[in-house]
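In what follows, chain A forms one complex with chain B and a second complex with chain C.
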Partner chain A sequence: MLVLLFILFGALAVGCALAMVAQRNPLYSAISLIGVFISLACLYVTLAAPFIAAVQVIVYAGAIMVLVVFVIMLLNVEQEERRRTRLKFLVPTAIALAAVLIAEVAFILVSVQEFRVSPSGATSDIGLTQSIGPALFTKYLLPFEITSILLLMAIVGAMTLARRGGLLPAGARVIPGAQQFPLSFVDPKAQPDDLTLVEADSTEEAGRLLGVEKQSTDYADK
Partner chain B sequence: MEPQLSWYLALSAVLFTIGVTGVIVKRNIISMFMCIELMLNAVNLTFVAFASFFQDVTGQLFVFIVMTVAAAEAAVGLGIIIAIFRNRESLDVDEASILKL
Partner chain C sequence: MNADIALDIILKLVAITVAFVVVLLVVAYTVLAERRILGFIQGRLGPNRVGYGGMLQPFADLLKFILKEDIVPDKSTRFVYFLAPVIATMAALMTMIVYPFGPDTRIPFTSISIPLVITRFDVGLLYVLGVTSIGVYGIALAGWSSNNKYSLMGGLRSAAQMISYELALGLSLIGVIMLAGTLDLAQIVELQSGWHGFHWFIFFQPLGFIVYLIAAIAETNRVPFDLPEAETELVAGFHTEYSAMKFALFFLAEYINMFTVSVLATTLFLGGWNVPFAEDIFGRGTFLFGLVSAIGFLLKVIFFLFIYIWLRGTLPRFRFDQLMSFGWKILLPLALLSIFITATVVFLYPNL
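Then we have the complex of A and B:
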């Protein structure tokens, strides 16, 4: 039974992985990768690790892949264009070297004495949340805390990278709770590079300070 | 007949190799990113297989930490991808061969 499940989900994982590499559209690659994640989660269940299987589905197939698909949609990725292969003579060399590598691995798998360890079976309780929790919060507390710091750094780094920077002019004074608008916000005829800074509590007051009160009242009438 | 440890290791090696091939072959930076995720998952399978066959919970803890690192990597990596796309209007890694933006 376990052998059948292993063959089924292993073949599914390898097939989805190959489809992911073969696809040219990144969205189809993402969907194939979700297939790999879910078949690996099924393999974890057969390995008596239900907690890891659940986290695999939630974190990988849920959070990470949603993020990837979101970015693919956001950036409107076009299909990868097919390019002519450079260095054509390297292709037979690569195939030959891959054959040698596969032969070596097969030789090792066949000739080395099979390492017999008993599979866990259904009676094992090492994969349960009940047994993972104490180890995580006692013996491995330091990696856990370091991971939390890493996540904090990732949050700050992602926000810094994705933010559009460089909008404030040099020498600008940042006042918390204040907004900065260009002069053209109150005067449609103003030059866009006019960077006279005024301090005001409302748009009308800013327009009065800049001498464009008429336009701002026109805005207010409309 | 039960599945042996070496079966899981072989499956993990195959998945890892497919991931490496994808990183080498692909030119789209998002596809390369997904291939890296595949390699991380192959290593996770090795960890879980060893933890299950040796009746030791440590491997599963490391899988948990690897998943957290992968989540952090996804957030930062996708931020970098968005920054590159904003500056170059392309996701081709050959276009981004200079690290300077």
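Then we have the complex of A and C:
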């Protein structure tokens, strides 16, 4: 029974992974990746680790991939045409690395079969929430906290990158009708920290007032 | 495969089928109730022609949806276009299997006792949150694949909205998890059976309950948070290009999601199937106790569904920037405050 489920979800995971790499349309790749994550979650359930499975679905399939799909939709990436590979050395490198990976897996499989340890009866509660929680906050507290600091740094970094040369100064509000925004909002050549305020009813009107013809930030036209 | 496993699988399949049929019936009559109650609020009648008081209206609607022409936009992304409503409906229905609809109940005239829950899962609550978060794809992909500006905007809005409010929703449940010490929904309900069936977590988590209620409305894209389908701005939002049965699937998914969040609110905050004094009168495990508990559970869920409909008839729609700042600047800090208070109290008085 478990073997059947393993074959089913394992095949699904491998198939989705292959589809993810082979697809030219980024959204199809994203959907395939979601398929991989969900199949992996099902495999975790068959391995008696329901907590990891649930977290896998919530974090990867439910949050991160939603953001990826969101970005693909927002940029409206068209189907990428098949162009010749510029970095030709990457193909043999990839094949070599994959060979190393497969060799590692094979080595582990062989060594596991050589030193077979029969599992004791009490191993089935390792994946349960009540055994993960105490371990995470006592024995593995330091790695746990370091990981959270790493995530915090990523957030702060993203904020810093996004805020630099922001289109609107902090505290400015876009109100329908009359609007106030800095010069850089309508003029791409202006300095990002130039906070000269313009008052107008629309971006076009502000551009006319400033004598700037080219609109650079109006993505709705695309 | 031995006979025990086969029997188990058959029993589970029967239980799932029964639960799905019951849920779909409740959903069908929620739609009718919504139209009648909205009619009452707006001083008109609502559908009352098919059957007694319009009781057969859901089936007439279903027939209409099946018989209508199914129009597929010419330049849509076919595969994703067909996939999206399926994802939405499936993600909505899949959560049904972990909810405890009632206590263990003895079948009359036999000694067989059956639990009124399809499966007990160690991480039941996380399972619900995970499956619900998959539902976003249904709407987002529908918006993308329709090849329509309004659909795309609706899909983008809904993805942004659902990610934002999922945070507040998840955090508002942490308090209950800390009080219960488990993620198993059946066990959470059992823990609320003290005080003659009145030991509901809403009395310990009023703030968490309010945050959950608001975030849940936003999660299901209902008024006043129905920005993804705001008809004054986006025609019909993400389902602009959907017709006939595929539209019906989205419609269904929305109402099943409504039912799901109502069931979750009942289970976590209003004591699940615990009816005050029912255990003292009927005794645990009897058939009547099971029946009364299940009916009590259904009544609590209907109460939440009524709140939803009531809000729809009463409140105007948010603006999108208001929606975002409300979610991130008000609901999220409130949920964190609720966690902070709960954690402090649980730490200081662990035996409370």
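Here are a few things to note about the model shown:
Heads up, the rule we're going with is that the second predicted complex is superposed on the first by the 124 of 222 C-alpha atoms of A that agree within 3 Å, B and C clash if a C-alpha of one lies under 4 Å from a C-alpha of the other, contacts with A are read in each partner's own complex, and residues count from 1 in each chain.
The working rule: a residue touches a chain if its C-beta (ideal position, glycine included) is under 8 Å from a C-beta of that chain, and two chains touch if they have at least 3 such contacts.
Since the model is a prediction, treat every value here as computed from it, not as a measurement.
Applying the stated contact rule after C-alpha superposition, one finds that A:L67 touches each of chain B and chain C. Touch counts on chain A: comparing chain C and chain B, the chain ahead is B. Once chain A of one complex is fitted onto chain A of the other, the partner contacts of A:V55 extend to both chain B and chain C. Once chain A of one complex is fitted onto chain A of the other, the partner contacts of A:L43 are limited to chain B, with no touch recorded for chain C.
Looking at the shared chain after the overlay, A:V105 reaches chain B, while chain C stays out of its contact range. When both complexes are overlaid on chain A, the residue A:I155 reaches chain B alone and has no touch with chain C. Applying the stated contact rule after C-alpha superposition, one finds that A:I31 touches chain C and leaves chain B untouched. On chain A, the patch touched by chain B and the patch touched by chain C overlap at residues 51, 55, 63, 67, 72, 74. Interface of chain A with chain B (complex): residues 2-3, 6, 10, 13-14, 17-18, 20-21, 26, 29-30, 33, 36-37, 40, 43-44, 46-49, 51-52, 55-56, 59-60, 63-64, 67-68, 71-72, 74-75, 77, 80, 83, 105, 109, 114-115, 117-120, 124, 126-127, 131-132, 135-136, 140, 143-144, 147, 150-151, 153-155, 157-162, 164. By the touch criterion stated above, chain C contacts chain A in their complex at residues 1, 5, 77, 80, 83, 121-123, 126-127, 129-131, 133-134, 136-137, 140-141, 143-144, 152, 155-156, 159-160, 162-163, 166, 182-183, 321.
Across the interface of their complex, chain A is touched by residues 1-8, 10-11, 13-15, 18-19, 21-22, 25-28, 30-31, 33-35, 37-38, 41, 44-45, 48-49, 51-58, 60-61, 63-65, 67-76, 78-83, 85-86, 91 of chain B.
Chain A meets chain C in the complex at residues 1, 27-28, 31, 34, 38, 41, 50-51, 53-55, 57-58, 61-63, 66-67, 69-70, 72-74, 76, 128-130, 174.
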